[in-house]
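In the two complexes below, subunit A is the common chain; its partner is subunit B in one and subunit C in the other.
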Partner chain A sequence: MKYINKFAGMALGMAALSVAAAAPASAKVEGDTIVLGSAISLTGKYSTNGVHAQNGYELAVKRINEMGGVKVGGKSYKLKVVYYDDESTPARGAQLAERLIKQDGVKYMLGPYSSGMTKAIAPVSEKYRIPMVEAEGASRSLFTQGYKYLFAVLSTSEQYLASSIGLAAEIAEKNGKKPSEVKVALAFENDPFSQDVRAGVLDDAKKYNMKIVIDDKLPRDLSDMSTTLTKVRAVKPDLLVVSGHSKGAATAARQLKDMQIDVPMVAITHCEAADIIGKYGAESTEGILCPTQWAETLSYEDNYFGTAAEFDALFKKTYPTYNTVPYQAAQASAAVLVWKDAFERANTFDPDKVRDAIAATDMQTFYGGIKFAAEGNNIAKPMVLRQIQDGGYNVVAPSKWASSEVRWPRKPPMN
Partner chain B sequence: MLSNFQLLVDFPATNVQLLLDGLMIGGIFALAAYGLALVWGVMNVKNLAQGEFVIMGGYIAFFMYRDLGINPLWALPVAGIVMFGIGWLLYGLVIRWVIGRDLFTSLLATFGMAIVISQLLNLVFGPDVQTANSGLGTRLFLGSVTIQEIRVVSLVVAGGLALMVILFMKNSRMGQAIRATAQDPRAAKIMGIDTDRVYAFTYSLNAAICGVAGVLISMIWVIQPFYGIAHSIRSFVIVVAAGLGNLPGVIVSALGLGVLEQYGGFGFGTEFQQAIVVGLLVLVLVIRQIMQARHRQVVQ
Partner chain C sequence: MSISRRTLGLYGGIAIASLVAPFVFDTYISQLTVLWVMVLFAITWDAMGGQMGYNSLGNIFFFGAGMYISAVVQIGLHYDVAQYTAAYGAIKVDFTQAQYHVGLVLGTIVAALGSVVLAVVLSWVVFGLRGPYFAIGTLGIALAAGELVGAWEYVGAGSGISLPVFPGEPEVGERFFYFAFFIAAVLSFFFFRWLYGTRFGLAINAIRDDEEKAEAMGIRTMRYKTITWALSAFFLGICGSLFGNYNIFIEPLEVAFATVVFGIPMVVMALLGGKGTLWGPVIGAILYHVIKEATWKYFLGWQWVALGLLIVVTVVFFQQGIMGWAQDKWPELFGIEVEEDSAEGDREAA
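Presenting the complex of A and B:
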């Protein structure tokens, strides 16, 4: 009996293998459909943002198909995306990228969620010379590897909070102080993304000759930063900058409030993702500065979605569970627009020619301008800085896009 | 780094802040550690799912706060009761089959449980960091020392619960049965004690204590499905440092660890707050090893 089972198992295994081997290796364009592939985090720790990104991809695909699809060689093609769940683990992501390319024959890739996952997948797509347009990996280090097939529509990480330094300098001058007198406190998670953000802040602080009075690193599983804040209370910096993904924002906002820390200017990344206004109320988060890749109030527009505000409305209509549209979704949609634009300009499906067309992208979208540097990062779109004012996010910097005056100093949160 | 320690001298009030924060959070650590010591001592099971029980308690508070609109302070008794039930269930499903087996079987089983629990929490509540808000305020002392009322409440709850458990162990029938089983399970069995029930009760009590600790954590810090491991490690460090079966030791070393974490985080940066915990574990083990070696030599 045992032997029979073993044989049956082997036979099944062989059958499975032969099916896998026989799978079509030319799935890049099936009939009138162009197939894009993406390994994305649908479960695990990145799943919230992974799903935001997937929704963004899907909305753009739907929109483009409704508007007549992609025109290549005088023929109209529909777009379709094949997804695999990478379970938020880099090793799995790399495996799935191999599977997409080798087994499913995908020739055009959309990115995963997070810099870490992109870092795992980019070497694979690079090895097979498959172009990948990604929307969710901002780490500077992705664009220093000499990758030729990696393109990112979002601003890179070192730009995230650099503008807060400029703003602090501006305010200091307005108050008759020299920018070099500004004292800055830094608290950054020790991961590639946050450390890039830190590097950008440090560069700009150095430019103004500002003094760094605290430079703390935060752990990966952060749940308490009261010691850093105790230090902040002692040395009284003019600007506190915090970056540690959602948990950093949630922890910082909670403990700033609980410990009633009085700093005139506070800048934190991932405010929206952590929903700090919803968690702690408008009053105790008032005045916090939050960088964002995109905001629905910005005056960008394109032919597919119209203005940023119109994209916002369409997204909410399509996915009624969203109260606000996360920028992770907006930039995912923008990545699909890049593909459409590149296919039409290349006017062929040859991956290398399409790659060159992507590299030559220079377009306006609802998400902002998109133009790639030789390294693959987008250099046409700035980061904007928003401030929490009366329970809403208002753009306060850079001044070209600002819709509100920055409120300074921030009052200590009371409860 | 040196300048951080200089700050402690320049701003003496920061010492008060660190001490108070450390002692008050240490009280919560003591709860989970005591539960671990109990299960370890009575059942000889090293429960690696300890931190996950804490986080589960936190999510019960979060669920009541967000979805039912109830003040999470009410979650203290609720989480205790619910986690007691979950503890009983897990005992029946998993733990009863590994008692008396070798060390690795129980480690593997509880580690597996820890993974399943955190993944389930992730599926139900999502991977985002969450908090529950007690609605209590903050008091300002000495001009620059803040005490959150919820931390004081935590210390009182932790102390009260510890006292209740101690009295229960001393005076109740079940408490006596637990102590008897811990001393000698075979003898206890011969004396007519249903050791299987004693084990089930002990394990459930541990889960309940952890649940209460988790509710407190969710109101002071933040919770996330995968944060259990940090609480597990803390509990192990505290129990190992105190020595098994040493309840006052558990309390003292929990409070001490709370304070040490705060000073460590202040001096070396928040990043090292937890690294210090693990470093301490190594140190304690090394010291114990040396002491034992000396002891062995004397015996020889």
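Presenting the complex of A and C:
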């Protein structure tokens, strides 16, 4: 027994030592560098978008540093972001947020990717009174908790598909049908974001009294939705709505093509992030409606990136693998701009004062207007709806921003 | 198993280190807290996989069940659960100190008992299976539970539940959960240490070594298997309830019934340390956790490769785990080759 005990004691001691040897807590501002922290999904089911967001953060950090950094108290500071991989699981998110705050001494946070991760991390940053500007958590439930330190630059999730439902009603009326005759098929991932989008769609459909003919959950790994599509083939809905982040979008686009599903109107979230045109070709994705937080064709502008189109060009130049710049990256960059703006207005590093400066944000960026409601969500920027037309994304709604007429019915190639 | 002075000294040392650690290494308290979660995982898994030879891949089911049972109890005491968990427009809640603590204690008790009931019920199904079929069958239960809870609107379905936040200063909350997990882990360790020294321990070892013979000798194998699973479930239910409150946000697929994040590592930790030994799972859990935390910090981008490598190395070179390997390498350290002391050696090996 005693030898085993000795051995166990040794192992425990070693473990304690290796924990103790890790770097001690550093300051929120190291020399001339302001340290922001973010737990982001670099692996797991959200990794595609996690990397988009990280690229967005990095591009904005680079740009701000090149332009002279952040001026606080008459001195110039560079920005830097510390990252952890949250594995796309909320079970890790909270721990990593604690780690950023307690071990890395981070006093200013950038958000993770997805509503679920944000829901896991927000209570932690709130607990420590650390302001967090997030760009990727859209669920409405984030903004009903009374959080004081959470700010989101993006529009909330019920707005994603509202215009698709409106459009379906409009088209039905144009064709002499009543909106209440419109049959809607839904397929959503079972995660906080997609389910909140679904709740929004159900509300909107109810307004028009539309019939929900299919209401499916995408499977956990999001790699197959053929059962839903088989039902779609049988009940012939007028509108098919799919939301499951990038993986769900890719699966939907692939199987719509493979199974030759012919629905006059299809709306999918995260088309750009999944690069469905690049993956499955312009022909098979023709006519798909894609809600987006931001489009490079919109007439937004700021002093850091210039116009939306110029941001688009700079992003593609910096990361040549992108065909289309996903809005997830653009809004991540916008979140970093909010930080810079707030630091300079606060003119101090005191987290509470910086928090108040963020709350008072009212700025125009390449990504759109940013002004926070008391609940923390951005109320100065609309969602737009784009349609894939001849291999490009064209804005079709709302009419203020529309550059093209919506094409209906959708006519994918049939073999 | 008499407790020698040295043993007492060791336990005392560990106890003092554990009590002091959250204050000395204050900034590392979240890792230390999760360390005890990992220790609990490994100890409870080893009771099944190591001592009884039933390699369950579905023990995470009880962790998730405990988490949800407790959440429903805690919320249900003061609010309408369905309204609380509605996907959007969630109601703003405010738990007082008393409401929070009463809810947590009550929730944890119900979670532990509920997990035991679930284990007993499920044992009728799964213990008809042996070997790999048992492993896959239990995995199926964990996966199915995740899907079922994920489709259940009453508990928020895939949107999960945001549990009440610990009232009071964050530092106090952190220490509270550290000690809660510490106490749970220590209780389970000493409980199983005691159990393995009794006739019950010998019986489940007999089941591991040869179930038919054990049965032929008059051991009521089904009863022993059910009780072992229920004990495992009891501690996992407590662990799940506490973890849900520690993590604040819970959801079915990635937190509660998290097969990849927690379910599989349970097995890895026990194998790494040496399954079927008292200290093996503890050492395995500590090593696994330290390696994981370190690679996540210093090898970002390669962390899964490092972890995969660790599993491969364990399986290829240390099939008996660290404790088993050490026993083979230095048997005299474990009193195994010493003839006059063989009785004690046997017990240790068990």
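The rule is simple: the second predicted complex is superposed on the first by the 381 of 415 C-alpha atoms of A that agree within 3 Å, B and C clash if a C-alpha of one lies under 4 Å from a C-alpha of the other, contacts with A are read in each partner's own complex, and residues count from 1 in each chain.
As a working rule, a residue touches a chain if its C-beta (ideal position, glycine included) is under 8 Å from a C-beta of that chain, and two chains touch if they have at least 3 such contacts.
It should be emphasised that the depicted structure is a prediction, and the values quoted were computed from it without experimental measurement.
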- Item | subunit B versus subunit C as contact partner of A:K279, first or second or both or neither | first
Exercise for the section: Please indicate which partner A:N190 is in contact with in the superposed arrangement: first for subunit B, second for subunit C, both, or neither. Expected result: both
Touching partner for A:A250 - first (subunit B), second (subunit C), both, neither: first
Just to be sure I read the superposition right, which of the two partners does A:K217 touch: subunit B = first, subunit C = second, or both, or neither?
both
Between subunit B and subunit C, more residues of subunit A are touched by C
Looking at A:D258 after the superposition, I want to know if it touches subunit B, subunit C, both of them or none. Which is it: first, second, both, neither?
first
So in the superposed three-chain picture, is A:A94 touching just subunit B, just subunit C, both, or none of them (first/second/both/neither)? second
Looking at A:K231 after the superposition, I want to know if it touches subunit B, subunit C, both of them or none. Which is it: first, second, both, neither? first
Is A:S299 in contact with subunit B, with subunit C, with both, or with neither (first, second, both, neither)? neither
After superposition on chain A, the subunit A residues reached by both subunit B and subunit C are 43, 88, 190, 217
The answer for subunit A against subunit B in the complex is residues 43-48, 88, 187, 190, 215-219, 221-228, 230-231, 233-235, 246-247, 250-251, 254, 258-260, 273-274, 279-280, 415
In the complex, subunit A touches subunit C at residues 1-9, 11-12, 15-16, 18-20, 22, 24-25, 42-43, 83-85, 87-95, 98-99, 102-103, 116, 119-120, 123-124, 126-128, 139-141, 144-146, 158, 189-192, 194-196, 198-200, 217, 220
Within the complex, subunit A is touched by subunit B residues 4, 7, 10-11, 13-14, 17-18, 21, 25, 122-123, 126-131, 133, 137-138, 140, 144, 146, 148, 217, 221-227, 229-230, 262, 265-266, 269-275
Subunit A partner, complex, touching residues on subunit C are 1, 4, 6-7, 10, 13-14, 17, 21, 25-32, 34, 87-92, 146-147, 150-151, 157-160, 162, 165, 170, 173-174, 246-251, 253-255, 258, 261-262, 278-279, 282-283, 286-287, 290, 293-294, 296-297, 300-301, 303-304, 322-323, 326, 333-335, 344, 348
